Amino acid sequence: MELAVTTPVGTGEIPLGFYLALSGALFLLGLVGVLIRRNPLLLLLAVELMLNGANVALVGFARYWNDTGGQIFALIVMVVAAAEVVIGLGLVVAIFRQRLELDVDELSRLRG
Amino acid sequence: MTASVLGWLVLGLPLLGALVLSLWPSEPPQTVTRVIGCGSMLLAFILTLATWGTLLGENPEERTHVSSLWRWIEIGDLRVDLAIRIDQLSVLMMLVITGVGFLIHLYSTEYMAHDVGYRRFFAQMNFFVFSMLLLVEAGNFVFLIIGWALVGLASYLLIGFYDDRPSAVAAARKAFVINVIGDVGLVFAAFILLAKTGTLDFDQVFASAPKTLDGYAAEAVALLLFVGAAAKSAQVPLHTWLPDAMEGPTPVSALIHAATMVTAGVYLIVRCNVLYELAPSASNVVAIVGAITLLLAATIATVQVDIKRVLAWSTVSQIGYMIMGAGLHAYSSSMFHFLTHAFFKALLFLGAGIVIHALLGEQSLDRMGGLGKHLRGVMLMMAIGCMAIAGVPGLSGFFSKDAILAHAWSAGALGKCLWVVGIVAAALTAFYMFRLFFRTFMGPDREGGYEHLHMPGWAMTVPVAILTVGAAIVGWIEIPGVWDAMTTWLDPVVAGGPLGPAEVTHSAEWITGIASTLVAAGGIVVAWQIFGRDPKRRLELAGVARGPRSVLRDAYRFDDIFEGTVIEPTKQIGEVFLTKVEPRGAQGLVDGASSLVRVISGVISRLEGGLVRGYTAAMVGGVVVLGLIATVLLRAN
Amino acid sequence: MTVSSSIPLLIISGAACLALLLAVVPHAALRRMGPSAVGGLGIFAALVVCVARWGDRTVGYAGNVYEDRLSLLISILVLLAAGATIALSLREPASVDRRGEYVGLVLLSTAGMILTAQASDLIVIFLGIELLSVALYVLCALEVWRSRSLEAGLKYLITGAVGASVLLYGLAFLYGATGSTALADIGAKLGDVTLTSDPLVTAAMVLIVAGLAFKASAAPFHMWAPDVYEGAPTPITAFMATATKVAAFAAFLRIFVGTLPAGRDDWRVIIAMVAAASILIGNIAALRQQNVKRMLAYSGVAQAGYLLIGVAAGSVVGTRATLYYLIAYVAMTLGMFAIVVHREREVEDGDDVDAYRGYGRARPAMGIAGTICLLSLAGFPPLAGFVGKFLLFGAAVDHDLVWLAIVGAVGSILSLGYYLRLVAVMWMDDPKRADARHLPVPGAVGAVAISCAVAVVALALAAAGVLDAAGGAAETLLSP
Amino acid sequence: MPWTTVLIIVPLLGALSMFALPEGGALQARIHAVVASLITLVLSFELLRRFDRDAGGLQLVDSHDWASSVGLRWTTGVDGISIWLVLLTTLLFFIAIAYSAFAWCDRPRAYLGLLLLAEAALIGLFVAGDLVLFYVFWEAMLIPFIFLVGLWGDENRRSATIQFVIYTMVGSLIMLVAVVATGILAQRHTGGAYTFTIADLAGVDFTERESTWLFAGFALAFAIKLPLFPFHAWLPKVYSAAPILVTALLAAVMSKAGVYGLLRVGVPTFPVGADNLTPVLLTLAVLGIIYGSLVAWRAETMRLVVGYSSLAHLGFIVLGIMAFDLQAGQGAVLQMVNHGLVVAATFGIVAMLARTGSEQMDRVSGLGAGAPWLGGVFLIVAMAALAIPGSNAFVGEFFILAGVFREHTWAAILACIGMVYAAVYMLRLYQDMMNGPRVGDGRKAEFRLPDALAILPIVLLMGLIALWPQSIVGGTRESVKRAIEPARAVAHPPAGVGEVPLP
Amino acid sequence: MGEQITFAVAAIAAMSCGVCVVSLRNAFQATVALIGTLLSVALLFLLQAAPFVAAIQIIVYAGAIVVLFLFVIAYLGERQADLGPDRAWRVQPLALIAVGVVGALGAVALLNANIRLQDKLVTLGEGPDIGSPKAIGDAFLRRYLVPFEVTSLVLLVAAVGAVMLAKRAVQAEGSR
């Protein structure tokens, strides 16, 4: 435990702005992925990118404010992400079982 | 009994008769109908005589009796009672209405005996008499208007008595609609009075009118009242319904469209003389319109072939005299002419009715001729009637007509012009009346002769005889330079305006008397020359002046003009509204809006294409819009 | 650290676990009936606790959860919806042989909603929303043999994940701007600045609105709703349409009205825009729907717009209106879905509008119940929907949002086109198909439908009591 | 005893009792309905007996808390305007219900139940003393009518109903916004608690802008309900599609809701706005009079003749209200009653005529010979419909126009076109049916006992009003005065106020 | 200086792997690319004084979740080719533009934000301990007990849900 506290990484030389920029970039990248991909598996991956982007921001803010809350938030997000992924993959398997195309564009009988 | 109570009884009796007859569960025996129909009239006449007697026994200045049954309405600052007003003028009218009315009822008992709807006829006739009495007895403008409209309704019903005849139905409708136009005029006059004087009671209106009515208002009221009068009394240009009204049974024509209702306009002007005294221009308009009507109708009457139409046009023309007189403020003379006209015109109609009855409904002069041989008594009575209307000295028409014309002669330049018109029309009157007389009673029998002449019984003959006597002598109540019972009687209710009737000089009376006698004689002679002396003459002259005569026969085509300028266009507008505007205009707005919504709905539905990526894109778009709002709009504030 | 402040949550979680356990007991009858009974009892117990604990605010668990009138009101509403859902699902194919899992998931989702309602912390809000969503993803797709059900689940999952990310990012910004996840701290920190003075908060606000609007299915974040509602098993649709929306509005109220009242003038514009868009888009799109569930989905979009009017007002008056209308909305929508559930059992394609031809005449009680619900949705007095709209419009006018009230009125006019169309079909058309099975109305479904109709009437007639409760909740929310 | 509330509850209970009846309990349903409406009628006469004719303001008030925190109260009562409309409602509904119960009725339970609901809602509307309550009943009355038209109408009932609903709801919902805004703005001006009590709102000093917009909102709703030209698009469809009894009730009673609202709510609460919008409303009313008359003249079915004539007649009533003149206002109230009676009787006669097989104008004629009694009554009713002097309708029309003439001469002059054309179209209706060549069997149309019992009371009442209009007008004075006095004060500011002296 | 380099490397790696995740069509390759991103982000967490979060990121995320992905990909086999024509092509450019605008708006918001973006963050150790397992554990058990407990419910849902969805199921004898 002591070791972790005094770990030399993270001396605070990088300003928050950089982290936030990266976070935003990852988020938008994920968003683009959701918009252009049609395979549900890839969509789930893209969503993971978005959540990671958000996590980077959360942890960055936590650092900025010296508040544990952000990191807790990030951990919770990971759990949620895991849950979403599990359900998503379960759905993918169910769809596969029903011999349906693994393409969200094909799954569009509901419309109007 | 006081005059007021008598007045109410007179008013109530015909109403009672009408109600009993109409509510009788089924068609009552004809005797019952006769007893109720005529009995109520006779009683009313007797009571009217009693009223008259009561009034005669009173001081001339105190002969006005106003009596109200109940507070009819109290609205805003206005109070209106269900009130009657018995005075010299209304009693005069009541006498004619109930008297002549009773005679005509009596006549009808026989005339209508073969018609279905015997009970209906008498019920409606009684109803008419009630309405007419209400009109003349009304104590305020509201009930005047009500009576005014109800006589119109009665007239409508009786014109359309033969309700399976489309022509009768159309004539009834026309009469009614034109009367409604008159009602509107009257109603608006009442509005102005109400706005200016704040009351509709005759006494109060007339008392305050000189103070409250300024020049324009008075002129407007007078003109609007005249619109009503013109519609009811068939003055140009609202006269076209009266000839058509001859579709009704002949007794109806005699009672409503000759003796009483059509003269209501005259009554109205006389009743409202105070207002006309305040409106010189309107009075002139009245006189001029009366003169125009007088002349036009007289010319038209010269060529009509239907015996009743000749009489109808003659009625229009004679009312023109009265209106002209009223416009010249010669109220007593107008009423005098009304009185004499009631007698001789009722006589003429009833006489014509006997002829028609005898010929089983034939009305065309072309299908008559030589009837004098068969219907001698009738011919005699009709001759007196024709002479009376033509103005043969000594008979009633001569005195009353000359009274009006003498006033005209005395009334300045305008009056002189009107006098000339009156004299010309008098000549025409003599001509067309004797044309009618000669073509009906003189000459050879019509082709084919008469097989089953239907001889009149006593019920038809006696009223005509009584009217004949009246037509002969009733003019003697006022003989220029000898006595003036009529003027004296009416003086308290018609005198006292700032304008007043022109002073009539003796010279005017002489000039008028001589002139009218000459022209009457001239007219009779011309008629004799053409129609009486040699029946073939008429056929020889048939080709003369075809064009003008056809114009005259069509009554100057007033009907066509109305049809073309008012009725058809509005009918078209109505059609356009119904077929074009209704489905498209108002409805179209709704339809347009709903189809717009439907289009938007379609767009939204197409966006909702089932593609998840599209949904995500929409979310991103939403964020963009909200973000832009947040940055741009909020920043701007 | 008071456990007592989340007894309902604990009861529901416990009931969920018990239901899940019952799924694996060998006794078939117990497996079949047990979970529903456990669920029903749990919900009843939680309701009792909620009612009993009605009172002033207590803060539990280090400030993670509040227990106040707002949370209790929302919890009661959510619990009632959950109970109705379980009642409606008794004979649902998806639940027949996996009753335990089904009920368990419904209860877990309910727990998420209660948590959202109680949240006093950004993390708890996020977690509550995710808990309810994840459970619903599964429930939507539970009829795995039906491709539409799967499609609904997948669509919900993907859009839901994106929506959650957006919300999360917004919450992260809010955290970043204030340095705390606790709503109380955030409120204190932002108490004296307007939002636009800090662009980070503005951005957070936009993103949070978007994320919550997604959950509340407000336009233009609503597009998943029709598809998912149509595809999901109908009781679940009912649950989503009512309880989820309630939870989303609880979050709306907590975050915006409760935490950021100072910035009201700024976020009002944004929320009003969303409200207007929802009202118009929802109502217009619903006009052409041939599927009743889909129609109700769009109607739900529009209703979300109405509910947002009160949020946009952002005052006690507005909050009270929104809460009242939420109650009314739950009753009327559940009632309508009960009708759909019933009809789906009687005929094939029971969610098609044509399936309702002559329904009212054939089944007067259900028909009248449905008609009352539809008329209330359309805003006819003297029903609850009217009182709600009355209050909402009042709130709008009170805060100079007259234009929004007019948009609402226009939307209501448009909505008549489909609500009354359904009414007309129910009563005025003759039944088209003779093959409709005339089954006795199942007691549970009938009871839900009729009690909803009764509630719709009662809520209006006894508005005073309900308004007192809602007003109390609104005041607690706004009191510091 | 809270008379006004009881008056709403009795028919409501009657309606609810229908649901409690066993399936197919047709006879019981009839008895229930007749008894309920009869009790209502009797109660309404009791109300009249207790009513003080010389007082203004709301009487026999019954006021309860509903949800006071948002200003909702249950306030009911009658004044000199509403008492007559309540009586009109109870009378016509009793006649309608009794007639349907004993002469004709399909699915009586639902039909009579809905009629009773409609009665309750209409009474509620007329006795409402609270703006929200007014709105509640305003909407509530729509529901039974929707079903009555939609379930018992002819083949076009669907589209007619939808058009009817959407059209009227457009107005209603705008009015809802106006109602809400009124309460809130009033609270802002007075600073007190929220209130929607009409009497309290009348004293509020709204700004000119507020007043105008709020009045416009209310006026739109009223105009659609009336209907006022050009908001009448629903009228021909609905009047044609509805069962004729319902059409009669729509025209006779429901249309009064609009004019009543205008006089009782719109004008007194927003005098400034009313004054500002007077030219608009007058113009629309006059246009409606002319338009309605012309279209009625050409309309092809009997119903539409009457329907469009109704459009014209209601235009007169609006004129009377918007003149802000005591006579015109009292005349307008009288005319509301008159029009209700006359139009109900007219539709009743149309229903009888329709028994010959068709409501088309050109299918039958000359029925009078076979149906003399019908002919007589029809004549009386037709004359009243064209407001012939001497009829009850004339009294109202006369005083309306007298007041309008004083205040807005142009409008009165244009409106007289409508008077003339009324004669034209009503005579067309009467003569084309009753006179002329005999086509069709008049005996089928002749009065039977139920017809006579239904129509004769109405005709007798018309006669009573014609002979003694004071019976109604006398009670309206103070209430009408209260309603129009503020607007009149705006229209005619006292001398010296608001006048800029000329240099 | 070392920190800048580390940040640069991690950031570039995260982004480039992210681009691969989004652009690669092959699910397997994309998943592997995601591992790269996750690891880079973990490194960034370390830089931000969140060692515990970084560890969890690697263990749970890169370890468990990605493995699950790979399992499913393996289970599905090669059946994800042959995509039909893109039906959303009309929306897509607009959507991408919208994403760009979102980015721009976010940038505007951040650049004007009241927090100090350019300032160096407080060096670890200078401030309070926020990222150590002790701190995290402490926070979870005191300050964030409810979220901590509720995560279990989320995971329960995930577990039950995944089983129910993936389990071979046939339509039960419903009473529809």
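Each chain gets a letter, A, B, C, D and E, in the order it is written, and its residues are counted from 1.
The criterion applied here is as follows: a residue touches a chain if its C-beta (ideal position, glycine included) is under 8 Å from a C-beta of that chain, and two chains touch if they have at least 3 such contacts.
In this text the structure is predicted, and so the values were computed from the model without any measurement.
By the document's definition of touch, common neighbours of chain A and chain E comprise B, C.
Common partners of chain B and chain E, by the touch rule above, are A, C. For chain pairs A-C and A-B, the one joined by more C-beta pairs in contact is A-C. When each chain is reduced to the mean of its CA atoms, the one lying nearest the mean of all protein CA atoms is D.
Between chain C and chain D the centroid-to-centroid distance comes to 42 Å (mean Cα coordinates, whole Å).
Mean C-alpha position of chain B lies 77 Å from that of chain C.
Remark: chain C and chain E have CA centroids separated by 29 Å (rounded to whole angstrom). Measuring from the averaged C-alpha position of chain D to that of chain E gives a distance of 68 Å.
Contact with two or more other chains is made by residues 166 of chain D. Shown for chain C are the residues that touch two or more other chains, namely 123, 127, 130, 134, 137-138, 141, 144-145, 153-155, 158, 162, 173, 176, 199, 202-203, 226-227, 288, 417. Within chain B, contacts with two or more other chains are made by residues 594, 605, 608-614, 616-617, 620-621, 623, 627, 631. Across the whole structure, chains are in contact as follows: A-B, A-C, A-E, B-C, B-D, B-E, C-D, C-E.
By the touch criterion given at the top, residues 605, 608-613, 616-617, 620 of chain B touch chain A in their complex. Interface residues of chain E facing chain A in the complex, by the touch rule stated above, are 1, 3-4, 6-7, 11, 14-15, 18-19, 21-22, 25, 27, 30-31, 34, 37-38, 41, 44-53, 56-57, 60-61, 64-65, 68-69, 72-73, 75-76, 79-80, 83-84, 86-88, 92, 95-96, 99, 102-103, 106-107, 110, 115-136, 139-140, 143-144, 147, 151, 154-155, 157-159, 161-166, 168.
Every residue of chain A that touches chain C in the complex is listed here, in rising order: 20, 27, 30-31, 34, 40, 43-44, 47, 50-51, 53-54, 57-58, 60-61, 64-65, 67, 69-70, 72-73, 76-77, 80, 83-84, 87-88, 90-91, 94-95, 97-98, 100, 104, 107-112. Of all the residues in chain C, the ones that touch chain D in their complex are 368, 375, 379-382, 386-387, 389-391, 393-394, 397-398, 402, 405-406, 408-410, 412-413, 416-417, 420-421, 423-424, 427-428, 463-464, 467-468, 471.
Chain C meets chain B in the complex at residues 154-155, 158-159, 162-163, 166, 195-196, 199, 202-203, 205-207, 209-210, 213-214, 219-221, 223-224, 226-227, 266, 269-270, 273-274, 281, 284-285, 287-288, 414, 417.
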